[in-house]
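We call the chains A, B, C and D, going by the order they appear; numbering starts again at 1 in every chain.
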Amino acid sequence: MSNELDALYQEIILDHYKHPHHQGLREPFEAEVHHVNPTCGDEVTLRVHVDDGVVTDVSYDAVGCSISQASTSVMADLVIGKPVAEAMGIHQEFLTLMQGKGTVVPDEDVLEDGIAFAGVAKFPARVKCALLSWMAWKDATTQAVPSDATASKEI
Amino acid sequence: MDGLLPELDVIRKDFPILERTFDNGQPLVYLDSANTSQKPQVVIDTMVDHLERHNANISRAMHQLGAESTEAFEGARDKVATFIGAPDRDEVIFTKNATESLNLVANTLAWATGDLAVGEGDEVVITEMEHHSNIVPWQLLTQRKGATLRWFGLTEDGRLDLSNLDELINERTKVVSLTWVSNMLGTINPITQIARRAHEVGAIVVVDASQAVPQLPVDVAASGADLLAFTGHKVVGPTGIGVLWGKRAVLDQLPPFHGGGEMIETVRMDISTYAGIPHKFEAGTPPIIEAIGLGAAVDYLGHIGMEAVHAHEQAITGYALEGLATVPGLKVLGPLEARERGGAISFEVEGVHPHDIAQVLDSRGIAVRAGHHCAKPAHARFGVQSSTRMSSYLYTTPSEIDALVEGLEYTRSYFKLG
Amino acid sequence: MDGLLPELDVIRKDFPILERTFDNGQPLVYLDSANTSQKPQVVIDTMVDHLERHNANISRAMHQLGAESTEAFEGARDKVATFIGAPDRDEVIFTKNATESLNLVANTLAWATGDLAVGEGDEVVITEMEHHSNIVPWQLLTQRKGATLRWFGLTEDGRLDLSNLDELINERTKVVSLTWVSNMLGTINPITQIARRAHEVGAIVVVDASQAVPQLPVDVAASGADLLAFTGHKVVGPTGIGVLWGKRAVLDQLPPFHGGGEMIETVRMDISTYAGIPHKFEAGTPPIIEAIGLGAAVDYLGHIGMEAVHAHEQAITGYALEGLATVPGLKVLGPLEARERGGAISFEVEGVHPHDIAQVLDSRGIAVRAGHHCAKPAHARFGVQSSTRMSSYLYTTPSEIDALVEGLEYTRSYFKLG
Amino acid sequence: MSNELDALYQEIILDHYKHPHHQGLREPFEAEVHHVNPTCGDEVTLRVHVDDGVVTDVSYDAVGCSISQASTSVMADLVIGKPVAEAMGIHQEFLTLMQGKGTVVPDEDVLEDGIAFAGVAKFPARVKCALLSWMAWKDATTQAVPSDATASKEI
């Protein structure tokens, strides 16, 4: 049973959980959103600062389990500094991994620490935890950026 | 006989109750499927397996049993969505029966704001052949909101009188709600044509598909309906489960129905926010086992194929119409062509009251329904209080129809009718 | 240990799921009964027997199967009435779950006229420890009718703060709705005392007995409730069935809930009249199999005896409270005395999130619930987002509690807490 | 199976069905009621004329099955001409018979032709048919007679 758990709770996840990156709410920002996981009550308030098409900052205040906290930290690492379109691509890649029920092999070049979440995809009840802040980020970024800008770049 | 299901004997073996014989030695001849259908073993076994091995509450439970239960429940939603051609699985709302589905719509419309709101001067249109479950909710809505209830009348041969279609459905019409297949007359209504007119004037279309989903291949997206209701126990599924399908755009506009667990996003003492569809309309612990049973039921029907089920029903209905025509004094209410009707046939026999007919048939093991079949206005339209109704399904055999016809002959002789 | 059910091993054998082992070889330790209870074989068998031999629609069906089905369904109503001490079997309304029962009350009050009508200036009183299913319906009612929602706060040890009882329940109060036993804190509330005050000012009292009926001997007539709700799946019955009990005088005054088959006296296109209780509130084909399953469930519990079930729950709860107290950093939310509480124990463990606790326990086969347990306001009151909850039932053994406590120790070490 | 049916459809019942007594709506009357059987839609409109504490006339217009029609006819035979209290007693006796599930032996001195309904009690779905007009009669009579009058005499 420990193996099972270890597949879920990778060291990387526990590290991010204990020492989350980019935590806190900062200025400036163009959009702030508040997302909750209705099932368990986990919450995140998240701000996005986009400057000249680049995700310049993601700041947040979040309450939740190790998976959701670590996922928020990894997400911030991954998207900060990236052009919006590229960041959206990473979001899509992470989404595909999470919805793959454990059958998708993650690409470390794209997802970096995010590959540690491959094990989460086998625990359907935890997928929502891992996705909470990614969904919040996408929502906020879509608000922060004029929609046709994102759309056209996404192609 | 053309159109009968090829392996009817094998299909009958799937339904344990069909082996039932009564105390007086008579075997069961079940001709009351429009009232409720019988259940194949696979539906029963699926429910039992879940109860004995996987039972847990859903969504909220994160443990293994909870995950298994959630997967089975949400899997049933996928199956139903596929079965009725729903473009989006989240558009499938689980209710307790068709009646709740229809009331859900009428009740949320009562509190709706914006385009969907129903108020003074607005009109709701139904038909004279509706089941009470598609009449009373609209009476309550229109009475409470000061709107007007109007309805299509019926022609002598039991069809909708569409001569005043354009007047009846007009700029004031907010909702048109009608049955796809009548549970009393058997009539199949031209819902797509009526929906077209309703959409022209901006009304939403609610279809009561309680008798259609069991009998016809149903494609909700092509039907013209904005919202569509049916009930699990008539599609070889269990009681306690119904379905409301609706277009996302319409469902999203409606306010929540019941308040409680599962339908919320967040709750504070002073105010709450709500989840998206389907959960917004599924407050409380849903009928979990029942949804799973329904999933197995639509799988079963899907496996046989609804085209084949429909052909079987038409063959049996045609044979029954022929047989009934040989009984002196018998008059069928509704269309006389099998091709234009569903498998429920209501009739009168001169000189014997429907209860007495049903009683005599019952003494021979033949189960039919006698009464108003929850369609009092349609009975009133034809000047009768009640009728006798036989209704077949995919397990009905021609020899069961023969037994019915013989039973009716016997009834006439028992009551000494010439 | 005092109070345990004498033949616990025999009882456990009645529940097939308790023999379940998971893929990793761990046997199931089911400590999530406040979420949903497991089902004894007799409940499953009763449902199967009905489906395989007696299935038919009720009331409306006059044939032998219909008579058998009606008798079984109405027999279940008698059993439930006896089990909860209802003075009149017609006061027992079958719904789909406790949530529907509570919404039935809030919804019909929205359309009530006369004494029961709720409008501007009127107040509805609930408590901060309610399940969402007893919060949201009252928010919807008061918002829609312009009335005011008020609530009892909680004391630090998880009881109702009754210090402002006489102010909170006053001449403006029309409805007081509260839970008998909290599903999060385990608190047993003094409902009779509160009902007395409510009746002094002419308010009606609605009791959410979802956690009380499974655990306590319940006598509705003595409880002080005017209306009382519970849910089948928590009393070893199936999903898809709930109960609303109400005093005839109150139920008679309420307008109908959903419109449709079975709830009518007569229907004309323009207007309908309605049946008396219980049918007035049971539109459509009811959850027949589910009601019959519930009948078998309350028979099963009645046979064991609710005094004995309660004593067992108290013994296990006491043992669990002791065991949990040995886990470093663990804090129980709610009363610490087994005698004053039901069998749901929610707790926090410093340094580990409830999801992570539940996940580690699950890997050892132990099923508990993590989250807000549909009681967000009560969690907010104690400054937490979520908690872990263990909940026992008549089949729970002391060694399962030992497994939980060991599992919590293991969780702490897994997450490297000192 | 014929035996079963014959137990229900006694000759007396079929006779009353074919030739119902006291049919039609007549004047004078103190109370008129309309009762329906919601299950099947059978209906009866029934008038009661009480004169000096005696049920002087019962007149009716009814639609329904053989059992309900015959029962109405037999009921009218039984109560017309009886003091209200005595008629109420007969009503109670008939009710007991119907609710006895076939275990009650009817008293021919009290129920006369009504004893033919003993077989109906074994068919739960038909008991309502047999009781429809009796319930209507009781309702109408209670309205026609000041309540304490009936109550005191019933003892």
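Simple rule for what comes next: a residue touches a chain if its C-beta (ideal position, glycine included) is under 8 Å from a C-beta of that chain, and two chains touch if they have at least 3 such contacts.
It should be emphasised that the depicted structure is a prediction, and the values quoted were computed from it without experimental measurement.
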Which chain has its C-alpha centroid at the greatest distance from the C-alpha centroid of subunit C? D
Taking each chain's centre as its mean C-alpha position, how far apart are subunit A and subunit B in Å? 45
Rounded Å distance between subunit A and subunit D, as computed from the means of their C-alpha atoms: 76
Please work out the Cα centroid separation of subunit B and subunit C, and write it as a whole number of Å. 31
At least two partner chains per residue is the criterion; list those residues in subunit B. 60, 62, 66, 264, 266, 355, 359, 370-371, 376
Would you pick out the residues of subunit D that each touch at least 2 other chains? 39-41, 123, 126
If we use the touch criterion from the header, which chain pairs count as touching? A-B, A-C, B-C, B-D, C-D
Under the touch definition given earlier, write down the residues of subunit D that touch subunit B in their complex. 1-2, 4-5, 8-9, 14, 39-43, 63-67, 123, 126, 129
Subunit C residues touching subunit D in their complex are 59-60, 62, 66-67, 70-71, 264-266, 275, 279
Parts of subunit C lying in touch with subunit B, wherever the complex brings them together: 16-17, 20, 22, 28, 30, 32, 35-36, 38-39, 44, 47-48, 51-57, 60-66, 96-100, 102-103, 106-107, 111, 128, 131-137, 139-140, 144, 149, 151, 231, 233, 238-242, 256, 258-264, 266-272, 283-290, 355, 358-359, 361-362, 365-371, 373-374, 376-377, 380
Touching residues of subunit D toward subunit C in the complex: what are they? 36, 38-41, 123-126
Using the touch rule from the top, collect the residues of subunit C that touch subunit A in their complex. 24, 26, 353-356, 359-360, 363-364, 370-372, 376, 379, 385-386, 414-415
